[in-house]
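Same chain, two partners: subunit A is paired with subunit B first, then with subunit C.
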Partner chain A sequence: MATPSRTEIISLFRSLLRSARQFPDYNIREYTKRRTIDSFRHNKTLSDPSSIAAAFSDGQSQLQVARRQSVVYSLYAPKIKSIMDVKP
Partner chain B sequence: MASALRAAILGHLRVPVLANGSNLLTPLWIHRTTSVRSMSSHDDHLEKSQVIDRILDIVKSFPKVDPSKVTSEVHFQKDLGLDSLDNVEIIMAIEEEFKLEIPDKEADKIDSCALAIEYVYNHPLAS
Partner chain C sequence: MASKIIASTLRRSLSPKLLPHIRPLSTATAAVAAVAEPYDETAGISMKGVKISGRPLYLDMQATSPVDPRVLDAMLPYFVSRYGNPHSRTHLYGWESDEAVEAARAQVASLINASPKEIVFTSGATECNNISVKGVMHFYKEKKRHVITTQTEHKCVLDSCRHLQQEGFDVTYLTVKPDGLIDLNELRSAIRKDTGLVSVMAVNNEIGVIQPMEEIGEICKEFNIPFHTDAAQALGKIPIDVNKWNVSLMSLSGHKVYGPKGVGALYMRRRPRIRVEPQMNGGGQERGIRSGTVPTPLVVGMGAACELAMKEMEYDEIWVTKLKDRLLDGIRGRLDGVVVNGSTERRYAGNLNISFAYVEGESLLMGLKEVAVSSGSACTSASLEPSYVLRALGVDEDMAHTSIRFGIGRFTTEEEIDKAVELTVNQVEKLREMSPLYEMVKEGIDIKSIQWSQH
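Moving on to the complex of A and B:
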């Protein structure tokens, strides 16, 4: 696959963050956000096209995982919301 | 969407009143009728000052940002030294605060506080 463009990378980042919102569980939501931000920042300095493409496809497969898991988690959503979700 | 239509209709209706009725109303009254939609019983549009305050709070609470530099005219990348990933994060936080869904094309254009405030203020579904 050809090297992804800047807009594609930003779009993947945004899709991953949006997928995080679908989770009913606070912990997983925060983890997804934290993990995507950390990994994108860590890979920001990559300059080798093949490693950029590899990281991009890795990100895409993680996006698919997140989307599937949000559906599965929603099937068995906890009835009691996490304390962090309750606004004071 | 209905409220945007309502705003458009009211904008058109308001013009004839000001054109020939201004000498009957006191200056204070004129301000009231121009800034408040007197015909709607349920005003669900946000005040611009509220929008500005909420957006500035979001930007200031971003960990990489120096709160003292944040004004409503700052540019995220030029003035605050953020990069495009931080840009996306801030726009996500704004989406969550105002319960909006900003499409990618619009979100890519939002580069500064001023643009964000404009976008949210003009969005009919912001809350």
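Moving on to the complex of A and C:
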């Protein structure tokens, strides 16, 4: 497995955050955002190329899950939003 | 308007020859169509006479947890195209389902440090508890006639024990200390020659205290008694090791770990072997312990949830503890007379059971319509009786009536906690303002000394 470049990593990070925003569910959306940011922060110190590659491919599969599930969640989104999404 | 749409649709779908002169349908039909849409208004929800502007924030993780999208992602293929019966041995559909079930079995087993051969899939923790308590005692009924359990167990264990009592078995219900933990010496002295099972839950569903599992396991090992634990609330939240705890049987549930409802798993030790009488007879699936087709999608979901829990346990723990502190500090900082029920040290952070003095619990719950919380377990939340768990702790009747359980989980946010604090504090202040008791306490009258007239 080739070590991903810096641009590739940043692009994955952005894609994950973008797919997080697609979730209509307040809690899932906030969690996906938080989990993405925390994972990248946690893996910031990785130096071994193979573990960087492993974390990158894990992130890629998470992105696939997020993309599929944000569609599923959108299909069955309740008409009434969470109280946290209702602007006072 | 709606009647016009219906009429035009009808007109389009029916040939004009069959229905030459269609007139707009009566308004009665339109009214029915409008009623069938329950969430018609965009302004808010009106349900059971309560009107709220949005879906309430969810703080009832002990009742059930939302399904994690990663779990749902693992399940969906088995709802769509991989629908085979895992017990079909003659075609690909069966083989792929069987493979998925076995993979899930391994995922569940590795979370509790067991062997996959020791896992039996069931419909949930209630079924596991029934198999464990009744199944073990029925199997060894010739020699063993006595069961030890605690007063704070879940209803399904207590009811199974009651059932055994009706059949002539003896049951000892251990009392708990005011912090909700059992007294190990009391357990030791309750053990008899014919004791066939000790059943103590790991994490309490109502108050979240963690029983000293390793110590209880030691005692059971010493007397060579099978030890059963209901770990539905513990799975994925605290580290579980069946060998450290020395359990013979353990009940697990899928929907408390962000998995699907309707699936659970029973751990049954192989060495030394524990045997049970099946509660469900039939095709002999799950080694004859639980007949009935194994629900592949649900089992796959539970497996995925367990694997996820293993990866995320530490991360979730830090988050949940942080939110619990935020919630408790927020409430304590603005209100007096707030008591946390159960031990403060030995507890799971995601379960915060608080009593608010001088407030009537049901009125508080009614007022907190924008926060989905409960006064105790969901199974008994319909009754106005105070929780039997809190009474077993020796909590005063008035405090037991005012308890609220805040359940915090993986998907709870800081903003939700802040909102919950604000709403709770406002509601409690409002109710206390109306309460004559609170006024009397403010004036320095000890309400315990008041002689209430009997009626």
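In this section, the second predicted complex is superposed on the first by the 88 of 88 C-alpha atoms of A that agree within 3 Å, B and C clash if a C-alpha of one lies under 4 Å from a C-alpha of the other, contacts with A are read in each partner's own complex, and residues count from 1 in each chain.
By definition in this document, a residue touches a chain if its C-beta (ideal position, glycine included) is under 8 Å from a C-beta of that chain, and two chains touch if they have at least 3 such contacts.
The structure displayed is predicted, hence computed values, not measured ones.
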Subunit B and subunit C placed together on subunit A: clash or fit? fit
- Task: Give one of first, second, both or neither to describe whether A:14 is in contact with subunit B, with subunit C, with both, or with none.
- Result: first
Chosen between subunit B and subunit C, the partner touching more subunit A residues is C
With subunit A at the vertex, the Cα centres of subunit B and subunit C span an angle in degrees (to nearest 10) of 130
(request) Could you say whether A:28 touches subunit B, subunit C, both of them, or neither, answering first, second, both or neither? (result) second
On the A-aligned overlay, A:37 touches which partner chain: subunit B = first, subunit C = second, or both, or neither?
first
Quick one: is A:78 in contact with subunit B, with subunit C, with both, or with neither? Answer first, second, both or neither. second
* For A:6, decide between first (touching subunit B), second (touching subunit C), both and neither. => first
For this session: Please indicate which partner A:66 is in contact with in the superposed arrangement: first for subunit B, second for subunit C, both, or neither.
Result: second
Shortest distance over all C-alpha pairs of subunit B and subunit C after overlay on A, integer Å, is 13
Note: overlapping subunit A surface for subunit B and subunit C spans none
In the complex, the residues of subunit A that touch subunit B are 6-7, 10-11, 13-14, 17-18, 21, 37, 40-41, 44
Listed in rising order, subunit A residues that touch subunit C in their complex are 23, 26-28, 30-32, 34-35, 38, 62, 65-66, 68-69, 72-73, 78-86
As the complex stands, subunit C meets subunit A at residues 39, 42, 44-45, 52-58, 66, 69-70, 72-73, 76, 315, 370, 410-413, 415-416, 419
Note: in the complex, subunit B contacts subunit A through residues 83-85, 88-89, 92, 96, 104, 107-108
